[in-house]
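Two complexes follow with subunit A in common, the first pairing it with subunit B and the second with subunit C.
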Partner chain A sequence: MGKYYWIFNLDRCIGCESCVLACKQEHNTLPGIQYRRLHIVNPELYPEFPTYRISIACNHCEDPACLKGCPVNAYRKRNGIVIHHPNECIGCRYCLWVCPYDAPQYSKQKRKVEKCDLCEERLIRGLEPACVSACPTQALELVEHLDSSIQGNVLTSISGFPEDETQVKLRLKGTRRIDGVQGFSKRRER
Partner chain B sequence: MGKKYRTSCPRNCYSTCSLLVTVEDGRVTKIEGDPLQLTTRQPCLKGLSYVEQVYSPERLVYPLVRKGQRGGGQWEKVSWDQALEMIVDKLKVIREVSGPEAVFYYAGSGSSGALNKLAKAFWYQYGGYTGVYGDLCWSAGLEGERLVYGENRHSDPQDILNSKLLILWGKNPSYTNIQETRWILDAVESGTKLVVIDPFKNPLAEVADLFLQPRPGTDGLLALTIIQELILDGGYDREFVQNYCQGFSELKAEIGAYSLAKGAEGTGILAEQILALVDLFREIKPARIISGYGLQRYTNGGETVRAMALIPALTGNIGIPGGGWNYANLQSSFDLEIPLPPEPERIRLSIPVARMASGLHETTDPALRMAWIEYGNPLVSNPNVNKLKAGFGKLEFIVVVDQFITDTAAQADLILPAKSMFEQTDVVTSYWHSYIQIRDKLIEPYAGIKTEPWIYRQLALRMGYDGHWIPEDTEELLDKQLRTKGLSLEMLRQGPVYAPWANPVVYCDYQFETPSGKIQLVSSEAEAIWGLTRVPHYRPPVESNGSDERYPLHLVTIHPRGRIHSQFRSNRWLNEISQGPRLKMNIDDAILRSLKNGDPIIIYNDRGKINASVEISWGLNSGVVVIEEGWWLREGGSVDVLSEDRITDLGYGTAFHDCLVEVRKDG
Partner chain C sequence: MMKIWHHVPLIIFTLIIPGVVFSYGLNYQGDLTFLLWHLLVGGAFMGVASLHLSKPTATFRTVKNILSSWFSKEAVIFILFFGGIIFQLTFPELRGGGWRFAIFCVGLFGVISTINLYSQSGSIRKWPVVIDFLGEGVFICSVFLLVMWRSGVVNFDSVIVVVLLNLGIIVKLIKEMILGISQYVYTKEMYWQVMSWGMVLICGLFLSQRTFHLFFYPLLFCSSVLDRLKFFLRMERTSLQLHIQEIRKVYLPEKYRQYF
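Then we have the complex of A and B:
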């Protein structure tokens, strides 16, 4: 199995978007291009469904749809990271169609696709990805292996999430927001 | 590669983060958190976007003089010499003909630093000015807290980890103090009970054990109802009250005016939920109330905070780790005495800042002729914007010092570019943690921009004043003053310094700087200074649901996540993820007005109207609407077009939230 798994704690994400801005700053992406984005499930706070925030970049899947679908082999894997090679990219955007997580981003200015490279250069220097080190609540982590202590407590999918057809390397934990749909929670009798 | 330097963020924000800044070839290229500052190791999205902010193409780099009509958007670039001459000319004539009080001097909260005080070294030598007193934000609560405890202090943010019960009351740290959420979430994971009290269901309410949604402006009633239950039905800490509190019998005698039924009706919270909270206070210790800065922005705000502040005392939660009352922590604040010339007699502090809009119109003898505005954008951030704008319109000369052409600068006759936080060394303190920090000069001022002290020094010299009060070398001045406190700039460059006189857990010596030396459950100062009752009582806000049937919606203006008030609008990174002004509205209210999600709307009342879009939400009750503040005219208009310029009951604060509106579809 490849290295690197994102671990995302739904209970700890408060939607602050520090990760989004840290990613923007690290990669200095052009206007409108964000490799990492915040998604809010049920932002209307409809009371019979949970509301949670989830920050998603490339999940560096074990069986990546982008890589399989690319007609020019612009995607390759290196040390468990799905790397996009801009020199080979022809901007056809097939990868945008097949990725279930909207990870590849198309740059109109460059006429090419770009995406998260897991901050490979930072990893080589022994640093965490920019998004992980910017998270003020430790909602987002990157681990090199899924040991048993993690495996028992995580999910690969939650309702509303794509079927795991790509062997995604994102694991979710924290179910307090999902369990706590009681809205006015835990009323007490006197 | 560049080199990393330490600085701190001077915005008007709880967190006051220490930052590591990479500078390459004289340019700021990267912002990161400072691993040395445990409390704020990760900056927020705004802090991370300074790289874009400093070099924004919208940033002002030279003085601009108005061409054509005021507010017409036509400007002419002038040299600093021309700009300063123009100001000196006006200042001399105005002082000669009308006196120094005809100049209105206003400094906002846009950028903190000890050197901001140097402005006074100029204005004192000018012979005076007309200024404001009071505060736009927290002062009602500061006074409410002071009347009870004698000071404004709370324990270290990390002490949240020692709490077994946390009451997050009117505060949404996921927007305004993200570093605090880490401690709260850690505590919750280890079993601490979390209660959230907020008119809007904020992100932490979703993980709370109990969530109460009071009607806006009724927090004081909720507090007094809780106190009534604790005192009359048992559960307060008798021993603590006997030892450390003053006025219990008087409080007990008057608290009978409140009851669970009245409290439930007034706040709109179910009686059983109020009891659930009372039970938690009875059963769990240490408990800490963390108050926000929204609930004091009502005409009853000071008494709200005074009543809330009694609960930790009555339950014996003061002076212990994990317990307490978190409103404002001024432990790191210290008076870095900037030497000033003698204070002239003709300083006229006659206008409460809350009532600036009316004050500009009403001030006479002499009437105001000129305004100088720095570190602020009152035409977005101060109440009753339209009236305020008309007040500015009567003046013959307006100078605004800012980094951008804000809504206020757009009405100026002369705009002077302001420095950024990376362009001059200063010292900043926090109102949340207890660290003193350097805000260091890391780059030369961008494109020849000048600092505010430079501007004042040049003006002083041109006016023939004593220039030594505003020295050229401001670092030497700071260092000299720091050394009188046993600190130095070099020391601060090594990392944030925990204020030597601060306590991680406050009031553990049970010494209170109050008239009685005890916690004042009742206060004669409240009566003597403010004309209120000795026991805190609830009075409904002047303007709230039911007080004007034409406007059935109570508008609550919350702090934005991606801005500090009106700052950061010119930041392209943040604008990429901004959704623009959106009014959160309950589904019933939306149906009543035939509105669907995303519809363009006009929000209006007698004071004015603004544009926004509607966001239907189940997170708030019918009759309440919520919008983020800080929007500029070009984005739809400041939310404070809608607010009245009213003063609070205590502390000369600003009652922004006494505000009713109606909403209709645009077009």
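Then we have the complex of A and C:
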């Protein structure tokens, strides 16, 4: 059984939004629906305050809040991927409220919720998800298991971000950290 | 406007149904009219609540995930609560104190399910939701009592009615004050709203009971609807957006904060 982890390198991301576009193209989503989004911290580019771009889609958590909260069992887990079944969905939007990462998206046209399926079809064909293969700087990676070389370099908890109640499978890499320990707090002390 | 209309069924549901449950428990008179009134009002607003779904006809499917979803638990428990009232209507021997208490407990667990359902959102703190929903439930219960008393559905001694009515107002006042003073309100504007309501209510206590009820109940009910609307609009703001704002607040140097 595969257990997929997103690895996102904060240093490498240049904010080109290729991952967002590739995802939209792959899933042919309607306007306003984005399975993957790019969040920018400090978009105004204030000096003395580093700018970070964080590309986030469904993190396919170990203990997904959407799966637990859905009243009609529209969410299932298959090979470590949280799959949404649109035929089961009744459009209550409860999953939108409980997901800390805003992964489920409500389509007004279809009157149903949609979300990232980790490009399951591409994975079966041995390809990477569309967002990963489109990233020009390899800031976004998908790994099946966290080996020791990866685990040593990633951040497990991120201060200011949603608490890890769902055992999220996103790991951030980078020297410019947003946990206030190495990056910001030292800079502010000076 | 679309955003607001989408929330209307849930605003009505989350205000009225806890009110029905508390009214059943506090204003209980086991006669046919009382039970029928609660069944019809509760049933009608349960039906209205299903309109917030994209597929209202598939509402029955919401009971499928009862083990882990509070949504399913809420649906099942309220069905049991109203089923209990139907049994009481059908069999007069079930209208005694023990049955009344058991059915009220079922309804109370339904209200707890509703609170758990909404407090799981990452964009809202849990304990203000508990105070808000329970406080509003008791207040709406007193609104029901006023309507039932004026229309002759309940025949309480007027002293008991006045005590229960004022209890509703006082609970709402305390609730608004706790949420206002602690600033654990859902939006910044609500802080000023709840504080001004508190002041108005204190002034209102010097009026006669009749003027007080006729003037303040409609106003307070409107404020409850407005508060709940703001609650749901807050729920629309996703937790990740709020967390990213939090990061900015924490780490942005002091001199740049004036630009926000």
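The definition used in the following text is that the second predicted complex is superposed on the first by the 169 of 190 C-alpha atoms of A that agree within 3 Å, B and C clash if a C-alpha of one lies under 4 Å from a C-alpha of the other, contacts with A are read in each partner's own complex, and residues count from 1 in each chain.
Keep this in mind: contacts are C-beta pairs under 8 Å (C-beta built on N, C-alpha and C of every residue); 3 or more make two chains touch, one makes a residue touch a chain.
Since the structure is predicted, the reported quantities are computational estimates derived from the model, not experimental observations.
*Asks:* Looking at the overlay, does A:Val143 come into contact with subunit B only (first), subunit C only (second), both, or neither?
*Replies:* neither
*Asks:* In the overlaid three-chain picture, which partner chain does A:Lys112 touch, first (subunit B) or second (subunit C), both, or neither?
*Replies:* After superposition on chain A, A:Lys112 lies in contact with subunit C alone.
*Asks:* Should A:Ile90 be classified as contacting the first partner (subunit B), the second (subunit C), both, or neither?
*Replies:* A:Ile90 sits against subunit C, while subunit B stays out of touch.
*Asks:* Should A:Arg12 be classified as contacting the first partner (subunit B), the second (subunit C), both, or neither?
*Replies:* A:Arg12: touches subunit B, not subunit C.
*Asks:* Mind working out whether A:Cys70 is in touch with subunit B, subunit C, both or neither, as first, second, both or neither?
*Replies:* Second partner only.
*Asks:* Jot down the residues of subunit A that show up as touching in both complexes, subunit B in one and subunit C in the other.
*Replies:* 44, 46, 180, 184, 188
*Asks:* Spell out the residues on subunit A that touch subunit C in their complex, using ranges where they run on.
*Replies:* 39, 41-42, 44, 46, 48-49, 56, 65, 67-73, 88-92, 94, 96-102, 111-112, 159-162, 178, 180, 184, 188
*Asks:* Can you tell me which positions in subunit B touch subunit A when the two form their complex?
*Replies:* Counting only subunit B, the residues touching subunit A are 30-33, 41-45, 48-49, 51, 174-175, 178-179, 181-182, 185, 188-189, 201, 203-204, 206-211, 270, 272-273, 275-276, 279, 561-562, 572-574, 576-577, 597, 615-619.
*Asks:* In the complex of these two chains, what residues of subunit A are touching subunit B?
*Replies:* Touch list, subunit A to subunit B: 11-12, 14-18, 20-22, 24-25, 31-32, 34, 38, 44-47, 50-53, 133-138, 176-177, 180, 183-190.
*Asks:* Along subunit C, where are the residues that touch subunit A in the complex?
*Replies:* 52-55, 58-59, 61-65, 68-72, 75, 117-118, 120-123, 235, 238-241, 243-244, 246-248, 250-253, 256, 259
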